[in-house]
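Should a chain be cited, it is by its letter among A, B, C and D, assigned in written order, with residues numbered from 1 in that chain.
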Amino acid sequence: MNDRKPNLTFTIFLILTSALFCSAQSRVEVNLPDIPGYQTLKCDFHMHTVFSDGDVWPTVRVQEAWLEGLDAIAITDHIEYLPHSQDLESDHNRSFEIAEPLAEQMGIVLIQGTEITRKMPPGHLNALFVTNANLLERESWWDACVEAKEQGAFIFWNHPGWKAQQPDTTRWWDEHTRLLNAGMLNGIEVYNHQEYYPEALDWARQKKLTVLANSDIHSPTSMTYGAKHRPMTLVFATDKSPGAIKQALKENRTVAYFDNQLVGDRQYLTPLFFGSIKIKNKQVGLENHQIKKVQIHNDSDIDFHLRLRQPAIGLSCPDEITLEAHRTIFIDLTGTSDEVKAMDRLRLFYEVTNLRTLSGSPLPVNLDIANR
Amino acid sequence: MNDRKPNLTFTIFLILTSALFCSAQSRVEVNLPDIPGYQTLKCDFHMHTVFSDGDVWPTVRVQEAWLEGLDAIAITDHIEYLPHSQDLESDHNRSFEIAEPLAEQMGIVLIQGTEITRKMPPGHLNALFVTNANLLERESWWDACVEAKEQGAFIFWNHPGWKAQQPDTTRWWDEHTRLLNAGMLNGIEVYNHQEYYPEALDWARQKKLTVLANSDIHSPTSMTYGAKHRPMTLVFATDKSPGAIKQALKENRTVAYFDNQLVGDRQYLTPLFFGSIKIKNKQVGLENHQIKKVQIHNDSDIDFHLRLRQPAIGLSCPDEITLEAHRTIFIDLTGTSDEVKAMDRLRLFYEVTNLRTLSGSPLPVNLDIANR
Amino acid sequence: MNDRKPNLTFTIFLILTSALFCSAQSRVEVNLPDIPGYQTLKCDFHMHTVFSDGDVWPTVRVQEAWLEGLDAIAITDHIEYLPHSQDLESDHNRSFEIAEPLAEQMGIVLIQGTEITRKMPPGHLNALFVTNANLLERESWWDACVEAKEQGAFIFWNHPGWKAQQPDTTRWWDEHTRLLNAGMLNGIEVYNHQEYYPEALDWARQKKLTVLANSDIHSPTSMTYGAKHRPMTLVFATDKSPGAIKQALKENRTVAYFDNQLVGDRQYLTPLFFGSIKIKNKQVGLENHQIKKVQIHNDSDIDFHLRLRQPAIGLSCPDEITLEAHRTIFIDLTGTSDEVKAMDRLRLFYEVTNLRTLSGSPLPVNLDIANR
Amino acid sequence: MNDRKPNLTFTIFLILTSALFCSAQSRVEVNLPDIPGYQTLKCDFHMHTVFSDGDVWPTVRVQEAWLEGLDAIAITDHIEYLPHSQDLESDHNRSFEIAEPLAEQMGIVLIQGTEITRKMPPGHLNALFVTNANLLERESWWDACVEAKEQGAFIFWNHPGWKAQQPDTTRWWDEHTRLLNAGMLNGIEVYNHQEYYPEALDWARQKKLTVLANSDIHSPTSMTYGAKHRPMTLVFATDKSPGAIKQALKENRTVAYFDNQLVGDRQYLTPLFFGSIKIKNKQVGLENHQIKKVQIHNDSDIDFHLRLRQPAIGLSCPDEITLEAHRTIFIDLTGTSDEVKAMDRLRLFYEVTNLRTLSGSPLPVNLDIANR
């Protein structure tokens, strides 16, 4: 390079080496099955960059998303909190503009978003699918939400139980009812960063809000989550496109995925579970007084913890089972009646304690095992 | 328990706790695809127990096989080398008899085998599918092989380049030709324990011997291999049964799998490779002067190392690619001619350096990528 | 080798390759500090081999002990339960005799032991430091214990809360009182295999029994514990010798180490904790309204979980701290009074929740931090 | 928060949660011993932030340094290459100013640096210990270097073999000689990012340049290095201070540490090696025809690969040894003469193939083992 005027050769070399560097990285897929009728998209709709109070350049959010197996993300820099404003110009669309070309190249769906950042009530709200974030810079939060809605936004309440804003009790305010009634509150985070809000789950069920789990990451993701996965919103969409995601979010087709937990509507949890496991025995052929080993494989990234819900008929089976991620285990079935020999199918009644329905209770599952 | 007469209650409790203990373990599947027409069975046909010079009870070999994702094993205790004979009775069928019921329960195919253990020539020979190993205890090794053959055995030469028996050069002896001509030498280990024998690969090709890779393990497997996989013989069988395995072995339908290497006939390596990878882009739409990212997923346990064999037409692509196990990577394709825009399909000419055909050369593979 | 008469060359080669194989393995040290006046020896005094109902040859127990960082072990095959007797001669001294030469070579202290295996009462008892286990094969368990004591044995009660023998409540029987009074009950397992017995801890305190944690392993250890450490009895001995270990056991100088827990007398837990951690700041220089970061390094294998016991004077500090194994963390101290500036030393009052004294309560620790 | 004016409460909460978040992280120490007379400081003197072409906010560089066990770093943003200038003001001192307070808090020595970024010759030069980077923005690179020198800088040549600037051969230019003669070239990177330059090592030896290994990281470090350590310059300093580091750099007291390699002056490599290992046997007592096991512990993070340099007297020992990081291994010594019994000390002559002196040859080491 020559005296501050980067010549073309230099620039090309930088691009080349940068491309080479990227090639050396690899993506870890998130292993969770699609469900009948829908793709299961892995999404994170809440994160920051240097353009608000985050620590990374917008392209890093795309690289991280690709490396960590995500399908779609939204960068949601604060409208009202800009601690780097001494150094950075404040155009609320910049982080999206900068990240967009890389997202396109990498096949990551990048949804334009922003965070309306107010004291409680109504607290912090994310608006996804906005078209011009600068127009949301308004004196009143209500006006900001109206503007977002006019841009076609999907709006959700962030970290509703955040101690910084709700130190004592996690409550629902009249302002949230107003937003809800005006169609300006469509979803709610039941999980944010490293924190779970059981109250939010209740509200999601009662008020038909879409459940979300997001990272709200400010640092590089690996600095917070290390080798663990970040929180994700699983979106059940007809295809991998912004439109299909928007439609799914509007129709509550999501499950929150964080730590080793899934939380959401039973109609989505059930096929996620049964799409993950496979009973490997063809026929068990159990008879009274016999012990037979049944092998079950779990092809997903989640360890499923099962607890017996009620006894099986004609046999005994373990009180608790852990179906480890990407492993096969066996369980022992013991025949306890003469009738078992004649049964075509053995049915085991469990519940999955780390899969929670909208009512907060474990997902009931029946394991059917061919006997003859 | 009371005074050396184990009562029933005690025994039952021991069984119960033993069963509980086993339930706590889980099986790691070996992720390699089936190929058209055949299941890909993961097998280890060479191992020892306390009944010869091994360190474990026969049931441990079955437990290890199950935990490590194997489908079939043979316990092959030495006929002629019994260092524990001061403590253990020497019935050459005992290790099979003891392990068999557990193998049945766990769904592991246990093949009865034994090791004819002689100085060079002919060295050590494993006989699989024997029915009474005691009858192989003969003064002459020729007679032992004849007996094995009469029992229907598949016989292979173990660790042909073992320095203890072939310290200077690894050679093929007249005695091996005699065995071969008499139909009493059907396979050869190209890999044993932690050692590779390139000469054996040549002989396998020239003499139509079945290639094998086996552990020859004496200690608990994890003490030698830790978290790595043991060497395996991949058998391409019509089903998971002793008969189908025997048929496959007789028809040379195997590939040796050790470390991060596959060695065998190109007709099996090719579908193993293409069954493992998936190009994730639908259409690349490459034009001249453009760079497009192609994403490739590898669903297998093997890191595939690809090297460019010849240039592609109308585009440039990386000289080297590593398709990491269970990861997605991307490569950059750069359009270098105007014609590329009109091509329906982009073809990349690579070879896989860690997949070796019987001639010892890297497997050639052509990656076809839909362009329009 | 020639027709069943192993010649010398063959044998030497086998020994050589076996030695080579062993050289390839490496030992993971257990990182826990010595304490003033004593070495901290890592011991496991309960395990089985094929000579009773275990799954491995006795030498494997020595190899495992070396690989896993142990200093001393006892092989304690059952006197009365010999399920392999059809295949193995029953000399109760054989497992010790076979393992001893390797233990000597590898620097592992091998203590001769055996398990007196009876129904409850008194259940299973281990006798360590016996000189001829065959003499313990007696009709009555009392006579077996008397014989053990005459041989100078240290006797302890195994898995006192084992559900197979104490299905409903874990109780202390009159027979145990008799043994105790006769000096034939010297210790008790508070942890066995994968199970903890809180009642045993109470009895240890009340009756001055030595606390032990042992594996009672039957399979290869890695098959049960994988990459985790097995349960261990930490013995505080004047040197690494059978005599010093016996003396330490008789004087109750032990701590039970299992999972991420230490359980034992406060006089040993306290120096184990303080010998593990180091405050890295020289002087903090805290003043009112300031926040200062204090860095603490933990050089041990244990994650210490600390909980605030009472507030510090003149400052606030975190309610909970985790000192991760082999890591440095920092905590924030906030000055809350003007006096803090003049304090030479800041004292923080915590308790370590995963270090339990004989009374079962968390170990109290005071962290002193130089301020000026 | 209310209408863009962050109130105090909000700000305090943000700070608090940020502090809490940081507490959850832990530092991995780099385990390499100090050497007689000096502390071994782990340093990285080349890295970028959003203030030139990097991807992270300056504070991230300090957090990463702390988490990864470093003692000192220099942020060295380009003077002449500012691709983010559309969004960020270009004050070349800003990245230092922003990172400095956190470095102070965390105990990381932050050295002000900058990168003079020119085409070849002279290529890219880092200037450490500058006091005002803005003054280095000069038309001519010579003037920039003169300015740096006047500020007291230590100047080194970055990635001298970088293909983007030296595509064919890695050569030393007249301009470098001019810089050297003017005292404006004091060191050279023998390793940069993921690349090693053997020519640089030759020049370092011939021209008395200080050897350095640096990351030149642009992304978050974990995105490039994952769980591996980044390249580091080990600095042997009298204390952990900018002054002592500057003194050490000027006196060539460094070793380059990258991958599993150390490269530098033999006078530093030798104590690093011997400070890392410990022979655990007190006295071996070897006699002719005996085999004795010697146990060697390696307390460092480096796997040392040893190769026999010449035979020992009176005994044989392995041709190759690997001393795995944080492990103990044993080697077998075999007595081969009657004299060995009388020797007080057994001396083994090895060289460490992954420790390279300035001449590029393996470090010779003699292992002395007490025999009697």
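Simple rule for what comes next: contacts are C-beta pairs under 8 Å (C-beta built on N, C-alpha and C of every residue); 3 or more make two chains touch, one makes a residue touch a chain.
The structure presented is a predicted model; accordingly, all values stated were derived computationally and were not measured.
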### Message
So if I look at the partners of chain C and the partners of chain D, which chains show up in both lists?
### Response
none
### Query
Measuring centre to centre with C-alpha atoms, which chain is farthest from chain D?
B
### Message
Between chain A and chain D, what distance separates the C-alpha centroids? Give it in angstrom.
### Response
40
### Task
List the centre-to-centre spacing of chain B and chain D in whole Å, with centres computed as mean CA coordinates.
43
## Note on the structure
Flagged in chain C as touching 2+ other chains are 25
### Message
Judged by the touch rule stated earlier, which pairs of chains are there in contact?
### Response
A-B, A-D, B-C, C-D
### Task
Would you tell me which residues of chain D are touching chain C in their complex?
19, 22-23, 25-29, 105-107, 280-281, 291, 293, 295, 297, 318, 324, 326-332
#### Entry: Contact footprint of chain B on chain C as seen in their complex
1-4, 6-7, 10, 13-14, 16-18, 21, 25, 50-51, 53-57, 59-60, 63-64, 67, 79-81, 84, 87-89, 94, 98, 117-119, 137, 139-140, 164-165, 194, 218-220, 222-224, 227
